[in-house]
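Dumping the structure here so I can ask a few things about it.
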Amino acid sequence: MDSFCDLAALAAAIPDGATVAVPSAPFGVAMAATRELVRRPARGLRLVCVPTSSIQADALIGAGCVAAIETSAVSIGEYGTGPRFAAAAREGSVRILDATCPAIHAAIQAGMKGLPFIPLRGLLGSDLVAHRPDWKVIDNPFAPGDPVVVLPALRPDVALFHAPRADRHGNVFIGRSRDLVNMAQAARATAVTVEEVVDDDLLQDPERAGAVIPALYVERIALAPRGAWPLGLPGRYAPDDAALGRYAQAARTREGFASWLAAWLAAAPAAERT
Amino acid sequence: MDSFCDLAALAAAIPDGATVAVPSAPFGVAMAATRELVRRPARGLRLVCVPTSSIQADALIGAGCVAAIETSAVSIGEYGTGPRFAAAAREGSVRILDATCPAIHAAIQAGMKGLPFIPLRGLLGSDLVAHRPDWKVIDNPFAPGDPVVVLPALRPDVALFHAPRADRHGNVFIGRSRDLVNMAQAARATAVTVEEVVDDDLLQDPERAGAVIPALYVERIALAPRGAWPLGLPGRYAPDDAALGRYAQAARTREGFASWLAAWLAAAPAAERT
Amino acid sequence: MSASKTEILIGAIARLLEGSRSVVIGNQSPIPGSAALVARALAGGALRVTILGSRRHTDFTNGGVETFDRAAQGRVDVFFLGGGQIDGAANINLVGAGEYPRVDVRWPGSFGSAYLYFVVPRVILFREEHTPRVFVRKVDFVSAPGTSPPGVYRPGGPWKLLTGLGLLAFDQARRRFALESVHPGHTVEEIVANTGFEFDCPARVPTTPEPDPRVLALIRGPIRDEIAETYPKFAAAL
Amino acid sequence: MSASKTEILIGAIARLLEGSRSVVIGNQSPIPGSAALVARALAGGALRVTILGSRRHTDFTNGGVETFDRAAQGRVDVFFLGGGQIDGAANINLVGAGEYPRVDVRWPGSFGSAYLYFVVPRVILFREEHTPRVFVRKVDFVSAPGTSPPGVYRPGGPWKLLTGLGLLAFDQARRRFALESVHPGHTVEEIVANTGFEFDCPARVPTTPEPDPRVLALIRGPIRDEIAETYPKFAAAL
């Protein structure tokens, strides 16, 4: 299948300025592919974190790849706020669209379903709404006097994530990480890195087919063993807390981040380290 | 677990007058449980077919169990319109809320997500809208002059379906039949019949857990081998076309249906026939 | 051996599918299903064919709702719809004949028509029975309208109408069908006589071409075997 | 051995969870997580505990979105929220201190707070650090408001506020906290001095009870082992 390529080609298929949807830390973050975006370097990306991000968004911001970010949080787990994200907020160097998790999920699902917009409970009275001119408050058409926030549908240019495996037809197994299904359907194109490529057809196994994204949605696949490192992949490997801690410490300063970045770009692929 | 019971008890947990969501023919119809509803006999049910039904809705209508039905179709596959459904339409004896498949899916997903309503493209100019006072047309809040149909969320009292297996904790494996996940979450309670009950914990297998409805959503489970007969269960058994043909033929008349019904109620459970 | 009536229909649909990237075939649709498999073979696999009800040719993994979501995303180029009644403005009725709701004849229901007719760019109306009771002046119930007023979001709609007698094209702007070809053995007069609505008719109407030998060989060979998985009785009769 | 500070907090939360049917514990929440496991043990398993980040205690199978869908369905009774700032009207700020968007100190973000604070019936605010910089007169940014005007759909909201110094209850109608108990070793005066907003204070404020021996035995035995799966460092320090 011609969707298979190497990591550099996968990153090259994500153009500068693209709106890129990425998943939360526990659900399969394509860190190896992110390194190739930084290496290029990509510029002007508009990240949509579904619904939060960790070192991925923080490192992309630090490396100057990001023009705008829509997210419900950027947090390096127990090490707190992403340092480069925090710096960008203070400096006003990146446009930050603060959101709340279910709003990003709902907007992605609206994109997936071709809905023009989607209503969501809650939110009213939050300053998030005041700072999101793209969100509106309307009267519930079924109950006048009942205000409801409506969100425009999100259709990112690219969904980028890491998954346990693909088959040679380009079908991708995602396990419990169902948000990835929504992202792949909502996005106009999907780029996936995988731990392994298997020979059997994932759609033909009734036990597993329900947890597969069909090849139709997947434009690019690259092999990347341990491709979520230093984050984890459910059922495969845990996050590398020590490496995340070192990142959080280094990234507190611009210089510390630069050193970390140089070492990251110079390092051999994660697979060869393990 | 106390959610396990026999078929009669499972049917007894679906009260007269309840709004009951049932899946389409290919996705796991609880026919053995439906027979117990008829045997009781249940009265005044408000069926929500997600998004169509076959012999299940037709037999329930013929047996006088149904007060209202929301559906996109009632069809005995290649044998055409459900005969008792067609008769009820002619006689006006059951309230029919004609819908279209994606509208029922969207309304169920709105119920699942706690949305007060959900907008849907299409529909405008269809007589379906004219005959559904519960559907409204509003102006897209993001694009004045762009009319959009909005549907109220559906939260059925009960979701009733048949699945390949449950574990002893009450988790239910549903394979590719993801609509069942939406139904179980949208409904206030869920009653499931299964082909088998297994000892291992379905949530602990990362290969399969993504296709499992957690026990939280499942109030009742009854064992019913070949419980979808004469319909099929994906990956397990095909529909019994001959039996469906006999039904479609018999149900053309009230008398023919009565004979079919008597034989159905008298028959041994499907498992013993095979 | 010359082409059968069914083979002519399969060949005609396969030609319509040329150049499309993805087609979804609904339930109870052996002729469109066979045609899609032919078109895929001719395109060297470049046409993605999804046949509902087939295990081998279904790549849906997100439930029945995925059909509609996928269409809304613009990932389905072609879909087939039918109707108990179809009128000259391409309105289709899958609900019943007579006055709704207590219709004289009730059909199964609108299925996904009221949505897919709006969002799939090329909807092919396919109904073999070409009689005045099907092709009526005005449908008794509009399951899905053939056209929409300006301002209504509608990237899709009716494109062709294939029947047992001929092939017609729908002109959205003029809200009218035009006859494109008549199947072998039939005449324009027969079509006019069996159609309850007016349509445009060029001075000279070509005959629907028979499938060429390569297509016939496909239908009678690999496609018959492939479609048998979903439609065994149909395949046996091919 | 008497209870540690952490054990007193776990015991206090476990008491609050008595009678609830389901609680979801967010990320980075070892104390609420331990308390939920204690409460479940005391309830003979009748409390459903979901700990995000745990494999053993997570029954979510529909992605991260299921947390919010489940809460919207009324299937989550209790949730814990915190905040970089919390004010006397129970508004919480998880975004940053200073003028938004170019705040002086940026925190991770609002996560699900702007939704869960509305739909979960009993939200427990939990913040160990009890200082005037956390408990402010008015938050700099409202991630989620403590109360809503009449007419706003809001089945849920703030219920209790537990800190390292004491336990307060929130009165929705009066939009005000009231002190319920002071943890052993602390005083009402200390709480007043460290709180930037006014709150009600009864004439006599009880001391937060220490966990009884059975609860202490649970914490130091099976719960420590269970929570270690998700929070190994925390469990080792218990």
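Which chain is which? They are A, B, C and D, in the order written, and residues in each are numbered from 1.
To be clear about the criterion, a contact is a pair of C-beta atoms (placed from the backbone, for glycine too) under 8 Å apart; a residue touches a chain by one contact, two chains touch by 3 or more.
Note that the structure is a prediction, hence the values are computed from the model and not measured.
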Reference chain D; chain at largest CA-centroid distance: C
For chain A paired with chain B, centre-to-centre distance based on mean C-alpha positions, whole Å: 36
Where chain A and chain C are represented by their mean Cα positions, the distance between them in whole Å: 40
Chain centre separation (chain B, chain C; CA means) in Å: 29
For chain B, residues contacting two or more additional chains: 109, 113-116, 120-121, 146, 148, 176-178, 181, 209-211, 234
Residues of chain C engaged with two or more neighbouring chains: 60-62, 66, 68, 72, 119, 153
All touching chain pairs, where touch follows the definition stated at the start: A-B, A-C, A-D, B-C, B-D
Of chain A, residues touching chain B in the complex: 106, 109, 113-121, 136, 138, 140-143, 146, 148, 150, 152, 174-178, 206-211, 234-235
Sites on chain A touched by chain C in the complex: 112-116, 171, 181, 185-186, 203, 209-217
In the complex with chain C, residue positions of chain B that touch it: 24, 26-27, 50-52, 71-75, 77-78, 80-82, 85-86, 89-92, 96, 98-103, 105, 109, 120-128, 131, 145-148, 176-182, 234
Residue numbers on chain C that touch chain A, as the complex places them: 22, 48, 59-62, 66, 68-73, 75, 119, 153
Parts of chain D lying in touch with chain A, wherever the complex brings them together: 27-28, 53, 55, 60-68, 72, 94-96, 100-119, 141-145, 148-149, 151-153
